[in-house]
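Labels A, B, C, D, E and F are assigned to the chains in the order they are written; within every chain, residues are numbered from 1.
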Amino acid sequence: MKKVVTFGEILLRLSPPSHLRLTQATSFDLYFGCAEANVAASLSKFGLPVKFITAVPSNELGESSLSMLRSFAVEPIALTQGKRLGIYYFEQGASERPGKVVYDREDSSFSTLRKGMIDWETIFKDAEWFHWSGITPSLSLELAELCEEALLVASRMGLTISADLNYRPTLWRYGKKANEIMPNLVKHCDLLLGGIDESEKVLGVPKNDSDGEDIVFANWMKAFPKLKNIVSTHRMDANASSNGISASLWNGKNLLNSRRYNISHIIDRIGAGDAFMAGIIYGLITWPEDHQTALEFAVAATCLKHSISGDINLATVNEIKALMGGAGGGRVSR
Amino acid sequence: MKKVVTFGEILLRLSPPSHLRLTQATSFDLYFGCAEANVAASLSKFGLPVKFITAVPSNELGESSLSMLRSFAVEPIALTQGKRLGIYYFEQGASERPGKVVYDREDSSFSTLRKGMIDWETIFKDAEWFHWSGITPSLSLELAELCEEALLVASRMGLTISADLNYRPTLWRYGKKANEIMPNLVKHCDLLLGGIDESEKVLGVPKNDSDGEDIVFANWMKAFPKLKNIVSTHRMDANASSNGISASLWNGKNLLNSRRYNISHIIDRIGAGDAFMAGIIYGLITWPEDHQTALEFAVAATCLKHSISGDINLATVNEIKALMGGAGGGRVSR
Amino acid sequence: MKKVVTFGEILLRLSPPSHLRLTQATSFDLYFGCAEANVAASLSKFGLPVKFITAVPSNELGESSLSMLRSFAVEPIALTQGKRLGIYYFEQGASERPGKVVYDREDSSFSTLRKGMIDWETIFKDAEWFHWSGITPSLSLELAELCEEALLVASRMGLTISADLNYRPTLWRYGKKANEIMPNLVKHCDLLLGGIDESEKVLGVPKNDSDGEDIVFANWMKAFPKLKNIVSTHRMDANASSNGISASLWNGKNLLNSRRYNISHIIDRIGAGDAFMAGIIYGLITWPEDHQTALEFAVAATCLKHSISGDINLATVNEIKALMGGAGGGRVSR
Amino acid sequence: MKKVVTFGEILLRLSPPSHLRLTQATSFDLYFGCAEANVAASLSKFGLPVKFITAVPSNELGESSLSMLRSFAVEPIALTQGKRLGIYYFEQGASERPGKVVYDREDSSFSTLRKGMIDWETIFKDAEWFHWSGITPSLSLELAELCEEALLVASRMGLTISADLNYRPTLWRYGKKANEIMPNLVKHCDLLLGGIDESEKVLGVPKNDSDGEDIVFANWMKAFPKLKNIVSTHRMDANASSNGISASLWNGKNLLNSRRYNISHIIDRIGAGDAFMAGIIYGLITWPEDHQTALEFAVAATCLKHSISGDINLATVNEIKALMGGAGGGRVSR
Amino acid sequence: MKKVVTFGEILLRLSPPSHLRLTQATSFDLYFGCAEANVAASLSKFGLPVKFITAVPSNELGESSLSMLRSFAVEPIALTQGKRLGIYYFEQGASERPGKVVYDREDSSFSTLRKGMIDWETIFKDAEWFHWSGITPSLSLELAELCEEALLVASRMGLTISADLNYRPTLWRYGKKANEIMPNLVKHCDLLLGGIDESEKVLGVPKNDSDGEDIVFANWMKAFPKLKNIVSTHRMDANASSNGISASLWNGKNLLNSRRYNISHIIDRIGAGDAFMAGIIYGLITWPEDHQTALEFAVAATCLKHSISGDINLATVNEIKALMGGAGGGRVSR
Amino acid sequence: MKKVVTFGEILLRLSPPSHLRLTQATSFDLYFGCAEANVAASLSKFGLPVKFITAVPSNELGESSLSMLRSFAVEPIALTQGKRLGIYYFEQGASERPGKVVYDREDSSFSTLRKGMIDWETIFKDAEWFHWSGITPSLSLELAELCEEALLVASRMGLTISADLNYRPTLWRYGKKANEIMPNLVKHCDLLLGGIDESEKVLGVPKNDSDGEDIVFANWMKAFPKLKNIVSTHRMDANASSNGISASLWNGKNLLNSRRYNISHIIDRIGAGDAFMAGIIYGLITWPEDHQTALEFAVAATCLKHSISGDINLATVNEIKALMGGAGGGRVSR
C-alpha cells in the first residue's frame, strides 16, 4: 500500500485538567499535536501507512513528540535541529465561556527549516498522497518557500495533493498576506478544505455577499484548475459545550451536503477540522467514486472527535461506520 | 426485619478517568460491581438488611470486593475459591460516542461455583426476598443449574423472588439459547424486570410486532403464573450524554406508566437498570398496595443513578422521595 | 483610585473531584471563599483596589485563606484570633441530583469578632464603597451588632454602601428572625441585591402574592429611602447541569430587564450571586448613568461564573464585555 | 469467638498529597481514624471480631467514617448526635522537617457523649476484651467520667482491659491534669502501653532520673495491682524519614526486649503506636504464655505500619509473621 | 544494522499510586511490560533496531500494549488471537514491607501460541541476535516447544542467542520441572544470565554448597559448550527501599566483578534484571573484546533502572556512561 | 520597616509528578520561580517587606507568575512586555540518577528589558537592601548593563547590596565570559554567595589549587573592597536522594563554619541555594553582630528547603529556629 505523507509542525499542548482556567492550573495535561500531525495520526489509526515530516529539538520534548507519533504507527521523519518545541496552552471552554489558545510557538525547531534541507524525492518515492496545511506557510516566508518546494516535487512525482486552508489571522505576521502566498501553493492541490469566507482573504478569489458555496467553489476551481474536490464544514448553534455540525463537498458538478449531527456534550473540540480532513482523505481513497459516502465518513469522523480528549481523533473506521449507520451513543457497546 | 438475599458475580471495573478512551488511559479508576451486587448495595443504602452470595479468589482483589460490599453494610457470604476476580473495562461514552465494555470475566472464581457448594437453607432462614438476574445462567450450564437449585429452595421456603432478565447476547456462549434455560428459572419469580423485545429470545413467548406491553406482559403472566408484577424501563432520545427515562408496571390488571425524566448530563449510566431493580423491590416492600408509588420510586432512583459515578446507586430514600416530590437539581441543598 | 471595602467570613471549601458524592470521596479539592470574599476577589480581578476585612485562626488554614486573597491582589485585613477556619463541604450536583452543602462553620475565628475590635475609621479612610451581606448578621447577634457598627461609620464617612440579602434560613439560629435584624442594617444601603420572595421574611415589608418586582421594590425604597438601586437575579428551567439566567434592576423609576442567557453545561454554580454582585458594583461605578449597561455587565458576569470552578468569578472585564457583545463560546479564541 | 470492644473518637484526617505542605495543598487526601479506631481496624484485619463504640454526626462525614470501619468488618456502634466530625490536618514531614498535626476537633459529636448514653452491659455481653486510650479522658471531664463508667462495667463483667496512655499535653485543657484523672482509670487495666517519662505526669508515680524500665514498671504494678503486662516502644536515630524501632514488655517478673528494626523510608508514621497496641493485644490473646513472641509480633506490626499510608495498619498476620521470621522487603513476593 | 529479536509475553501491569497497598487502591497506574518486552524496549532506547514477537487479543488492551512498544521504536510482530491480555497487579514495597505481585496471566493470548504459528525464518532474516527468557517455557509445554522451535531456527541461521533464566517457582505448574525443560533450550545459548542457586533446579547441574561462581559457571560451560559468557547480578543489604547491587561475568577464563552501587531510594525495582540483560547485550555488541566495560555498562544500567517507574529502563547510553564515569545523582544536570 | 528589593527573571517550571522522567510525563506540575524570585518569596515568608522587579508577558502565564508572588505578600513590579514567559522543564532525580533541567527560556519577556526602562530611584526610595544574582548578566549584554544601572543607583542611594554568583556555564552564551562582566558588578556588593572554584572563572581572581576558603575569600575582599561578608555552601556525600550540607562565612577576619546536616530523603533540591541566600540576608539583618547565628540560620533554612516541593522555601522563622535548636523531624509536631 502506498503511503500518505504529511508535513508540518508538531506542538506540545499544555491544558489544565477538569475545565480549570489557565490561571487556576496547578498542573497541565500534556498532548502533542498540530494540524498536519493530527491528520497523520488519524489516517494511521484508519489503517493507512503514513509518514510525517517535521523538525524537533534534541531534547526530551522533541523525543516525546516523536514517541507519540510512533505509538500511532506513524513513521516520523524528523530533522533534529533548533532549540525548542513549540507550545500552545489550551484552556477548555464551557457553555458561554469560549476555549482559549495561548501560543508560544515562535523560534521553534520547525521554524528553522529551510529549502534544501529535506530530501523530498526519497520521501515521496513510495507515496501516493501529500497533505499540507495553511499553518506552515503562515509562519514565515522561508516555510512558505519550503512548502512550495515540496509541492513542486510532489506534483512532479504525481502524488495526489490535499490542503486544509486553516486560516488563522493571528499567525500571518511576517509581512505577507495570506492571499499573496497561498494561491501559489493551492494551485498544486487536488483536494481543498476551506470555507467561503476565506475566498478573498486567503485565495484572492473575490466573492459577493450573496454567493453560496456552489458559486464560490466553482470560482475556486476556475482559479485553481487542478482542484477536483472542495470540502467545507459548518458549525451551527454553537457554544463551548454543544453545537451542530455538518459538511459539504463540491466536486465540480454537484454540491453534496452531509447529514447534520448535534453534539450535546463536547469533550474537546481541538482537532475537529483535522479529524474531518483525515476522514475525507480516507473517504476519497476508499470510495473514489462515491463522494457522498466519503463526505458522510468525514463528517461522522469529526463528530466523534468532539468526544475525545486531545488533538487527535481516536475513532476507528468501524466506529465511524457505526455512527454513519445510525448508531448513536445511547447504548453501551458490550 | 427479614433480609433480602441476592446472588451473583462481583466484578472489578476498570475505567479511564475524565472520559478518556481505553487506549489513552495511563490510569484506571477502580470500582467493584455487577448486576446483583449493585442491587444489594442499593437496597442496603435504602436501609434494608441484605446478604450477597458469591465467590471470590483468595487475593487482594477478592478481599477488596468484599470490603466494598461491607462498607455498604451488605453482609457478603463468599466462597473463597478459584483463581481470579472477573474484570470489565469500561470506557465512558460522550455525545455520539457510545460507552464501551470490554469483558475479561472468564475463568473467574464465580464461574467455579457448582450445585451443592452453597447452603441455601441456612442462607434463606432469616430472609424474605431472593433476587437473581439473567447474567448468572448466561455464563455456564453449571451456573444455570445452581440458579435453579437456589430457586427451588427459595420457593419451598416461601421467599418472594425477583429477577432482572438482563439479556446480553454476547454472554450466552455455552451452547444453550437463553430461551432454553430462562423459562425454567423465571417460573419461580414473583417480580420480573424485562422488555417486550426479549419475549421470544429470552422467555420463549411469541410476540407480534404490534403487541404492546399490556398484551405481551399478559402473555408472560399466562406462561409464568407465579408472576405478580412485571416492570420495564424505557430510554428515549438517547445519546451517551443525555436521554429521557420512564418506566411501566403491569400488575396483571393495569399497565401503570411513570413520570418521564429528562437527564441532560449523564455522569455514569452503568447500573441504571440495577438502580431501578433495587427501587422497585424497595417500593413493593414499602408500598405493597400502591404500585404507582413503587414504580415512581424506582424510576426516580434510576434517574438519580445517572448522576453518580460507579456501578452502584448512592441515592438515599430521602433524596429519591425529594425528586418524586418535584425537587430537581436546580437549587443547591444547604 | 478609592477602594472598595468588603467585610465577611472566609471559609474553606472541600469538594470531591469529578462529580463524586461526598461519601465517595478519597480526596477533596480545596477552595477558599464565601459571599463577601468572592465579591472582593472578583472586583479586584476587574481592576478595582479592594480590601477585605475578616478574622482567621493562627494556623496554616488561616494563612492559606489570606494567601488566596493576596494572589488576587486583594488586601486582606485579618484579625488573627479564635481557633478554627469555618468549613463547608460541597458536593457538585448533576442533572436531577442537586448540589449539596454541608456546613461546619460554627465556632470559627470570624464568629469571635465583636464590636470595638476593628478600626473602621482607618479602614474606610481611602475607600469609596462598602459591601456586606446578610450572611454575617445571620451568624450571631454580636456579628449583627458589628455590622451595624461598620455601617454607621461607613455612612458617616460618606461611602456608598451595598448589600446582598443572601437569605439562608438554616443560618438564622440565634433566636432572632431576619426581619428583626436586617431592616436596621439595610437602611444604610444605597444598593441592594435581593428577591421579592424575601420581602417580608427578611425586610419586614409586606407583599401581596400578585405584586411584581416594580411594586415590591418601590415599597422597599419607601421603607429604606437611602436605596438608589435594587437588583435581582432570576434562574429559569433549572436543573443541576443547566439553567437560564437573567436579572432586573429597579432604579426608583424603571424596572430594567437584562438579556437572558442559557447555560447548558454548568461547571460550578457556587458564587453565581456573588459574581453578579461584583458585576453590578463594577457596573454602577463604571457606568453610573447607564443602568442598563451596568445590569448587562452583571448578568454576563454571573453567566460566565457558571463555567468556572471554585467560588470566585475569574472572568475579566474584557471577557464579560465580549459576551455582552454577542460572543458565545462557540469558537476557540486564539 | 468473643469480641474485642474499643471505644473512642473517630476523626477525619486531611493530608496534602506527595509531601506537600499544608499551605501548598490544592487537594487533601481523606483518611478516617484515631487511636482506638485504628486499634479496632487492625485487630479486625488480624481476624478478631471487633466492635467500635463512638458518636458521629448525622451527615455524610459521619456516614463515611462508619463505612470505613465496616469495610474492615469492624462493627460500629455509633450514636448519631452532635453537629460535626472532628478533623485533624496532617502534613507529612521529610528528613529534618517534622510532620505536623493541626487539630480541629473541638465541639465534635464525640465530645457530646455523656454518662448514661451508652448501654455498656449489652455491648460487653459477647465480649472478652475492652480497649481504651488516654485520648478520651483528655478531652473533657464528662468523657473521663464516661470512661470510668465503661471501665466499671467492663471490670464487673470480667473483661480483660487494656489502655494506651497516649499522653498529648496539648489535649489536656479542661482544668484537670492527667495525673488527677488517669490513675482512677488505669487501675482497672490488665495491660498498659506507656513510657517511663509519663510516670509522674500521667500516672502520678514518682520516678528518679536514673530509674530504668524495670524499676519504673515495677512501681506501676505496685500502684495498679491489676496490671499484668506493661509494654513500651522505643524510637531511635529518628528523623521524619527514617528511624529505628524496638519495644519492651514487663510482665511483673522480667523485662523482655524485642528485636530492633531500622526503617529507612517512612511512608506514614501516624498510627504506629496503635499498630503496636493492636499487635500486643493480638499477641497476648494468641500466645498468652509466650510474652516474647507476643512482643515480637507487636513490634513487627508497628514496623510494617510505617510503610503504609493512613492511620490504620493494613499488615496481615501472615505478613507480620514473615517479617518476624526474617523476611525483609528486599525481594518482591510473587 | 542487523536486528535484535526478542520473544515473549507482554502483560498489563496495574499498580496503586503513591505506595498504596492493593487493598487501598481507588486507581491503578498502567504499565505494559514483562521480561523480554522490557529487554526489547531498553535495547531500542539504546539505539539498536529491535523486533518483539508476541500475541495479543483483538481489543483495546492488546492495541495499547503494541502502541507502547511502538512508542519506543520497537517493531512488534504480534499475532492477534486469544481472548485476553495477561495482567499482573503490583504493589510497591517500602522499607521492611516487600513489594508484591499478584498474577492474573492465565488463559492469555500469548498462552494460545503453538509451534508452527510463527514464521521464524522470515523474522530472523535481517537479525543478528535472539533473546528469550525462562518465563516462556515455564508457562506451558506448548510454549516450551515453541521456544525450542525458535531456538533451532535461530541456531541454524547463525544468530547469537541469549537467555535470562528468570526462575520463578510459582510459574512452573504444568507438570514438568524446570530442569526437565530448560537444559534442552539453554544448550543453544551463547550468553546466559543466571545465579548459582539455580544450577541444579533449573539447569540440572549439581553444585556443592561451597562452590563459588567460578566453579559453578565453569560447570555450566561444560554442560552447555556453546555458552561464551555467563553473567550474574548480586543484591546486598536489601530492603524494599534500598540495596547494593553489583554483577559478575564469567567468560570461560576469568570471573570479572563489577563496581558496586548503593541505591538508597528505590523508585521501582521491577525490571531491574531486564535492564541488566539489555545492558549486557548492548555491552557485548558494542565492546565485544572488552568484557569488563560491557559488564560495567550492564550494572550501571540496572542501577539506573531502580530510579525509574515502570518495567522498562528509560536510561540512555549517555546517562549510563556518565554513571560509569563517576557521575552520581548529586548534581542537577542543566 | 524598609524593604528588600530583588531583581530577576521569573520562570515557569514544568515537572512530571512522582519522580517520572520527562519522557514519561502525561502531566506536568506547575511551579513558578527562579533564583531571585525564590529569595524574594522566602524573605517575605520570613516577614520582611519585599519588592520583586521583573518583566512578564501580557498573558495568563505572566499573570499567574505575579499571582504566585502576591500570594507570598511579595509586591511584584513587573513591566508587561515581550511575548513569552521563560520555561524550564525539571525532572526530579533519584538515587544515582541526577535531576535534569531542560531550559526553554530564550526570547522571554525578561530578555527584552533594557537600560532606562525601570525607574530605580522610585523603587529604591523605601528600600534598604538590593539583591541580584549572576543569572541576569549571564543572559545578555543588555541585561548585564541593566544590572549595572541598578547597582549604580542602589549604591548611590546607600542600599546594602548582595549577590549570588550562581555560575551556570551553559547560560553564558552571548560572547562575553563571566569574568569579563561580573567583576564590574560584584564591586558594588556588600555580601556575596559563591564558591572558591568560581574565583577565576567568574571573578577573575587567580587561585592556587591548595588555597582554602580563608585565602581565596581574603583575596576576593582585596579585589572588591566593598565586600563585608562572603558565604559559601558545601554539599557532601551526595546523590540525588541524600546529601550532607554545611556552610561557611568569611567576614574579613574569621572563617566561621556551620553545623552539618544530613538530609536523607530529598524532596526537591531546586532553590536550595536561594533558600540559603534568603537565610543569610535575614540572618545578617536580624543578628548583624552575630555572624555565627546568621550563618546557622541560613544553613538550617537550606536544610529544610530540601524537604519542600517547588522552588521556594516555605520554612518559617520559627521552624528554622526549631531546627537550629536541635529539633529534628523525628517527632510529629501536634
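One rule holds for everything that comes next: contacts are C-beta pairs under 8 Å (C-beta built on N, C-alpha and C of every residue); 3 or more make two chains touch, one makes a residue touch a chain.
These figures come from a predicted structure and were not determined experimentally.
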Pair sharing more residue contacts (C-beta pairs) when A-F is set against E-F: E-F
Same or different residue numbers at the chain D/chain F copy interface, by half rule: different
Rounded Å distance, chain A centre to chain B centre (Cα mean): 45
Centroid spacing, where centroids are CA-atom means, of chain B and chain F in whole angstrom: 63
Length of the line joining the C-alpha centres of chain C and chain F, rounded to whole Å: 42
Shared-contact residues (touching 2 or more other chains) in chain B: 17-18, 21, 23, 26, 67, 264-265
Interchain contacts, given as pairs of chains that touch: A-B, A-C, A-E, A-F, B-C, B-D, B-E, C-D, C-F, D-E, D-F, E-F
For the chain F and chain D complex, residues of the former touching the latter: 17-18, 261, 263-267, 303-304, 306-310, 314-315, 319, 323, 327-334
Touching residues (chain side chain B, partner chain A) in the complex: 18-21, 23-24, 93-101, 103, 168, 170, 235, 238-243, 264-265, 269-270
Interfacial residue positions of chain F with respect to chain C in the complex: 67-68, 70-73
Residue ranges of chain B touching chain E (in the complex, touch as defined): 14, 17, 21-23, 25-30, 59-61, 63-64, 67, 83-84, 87, 89, 91, 102, 104, 106-107
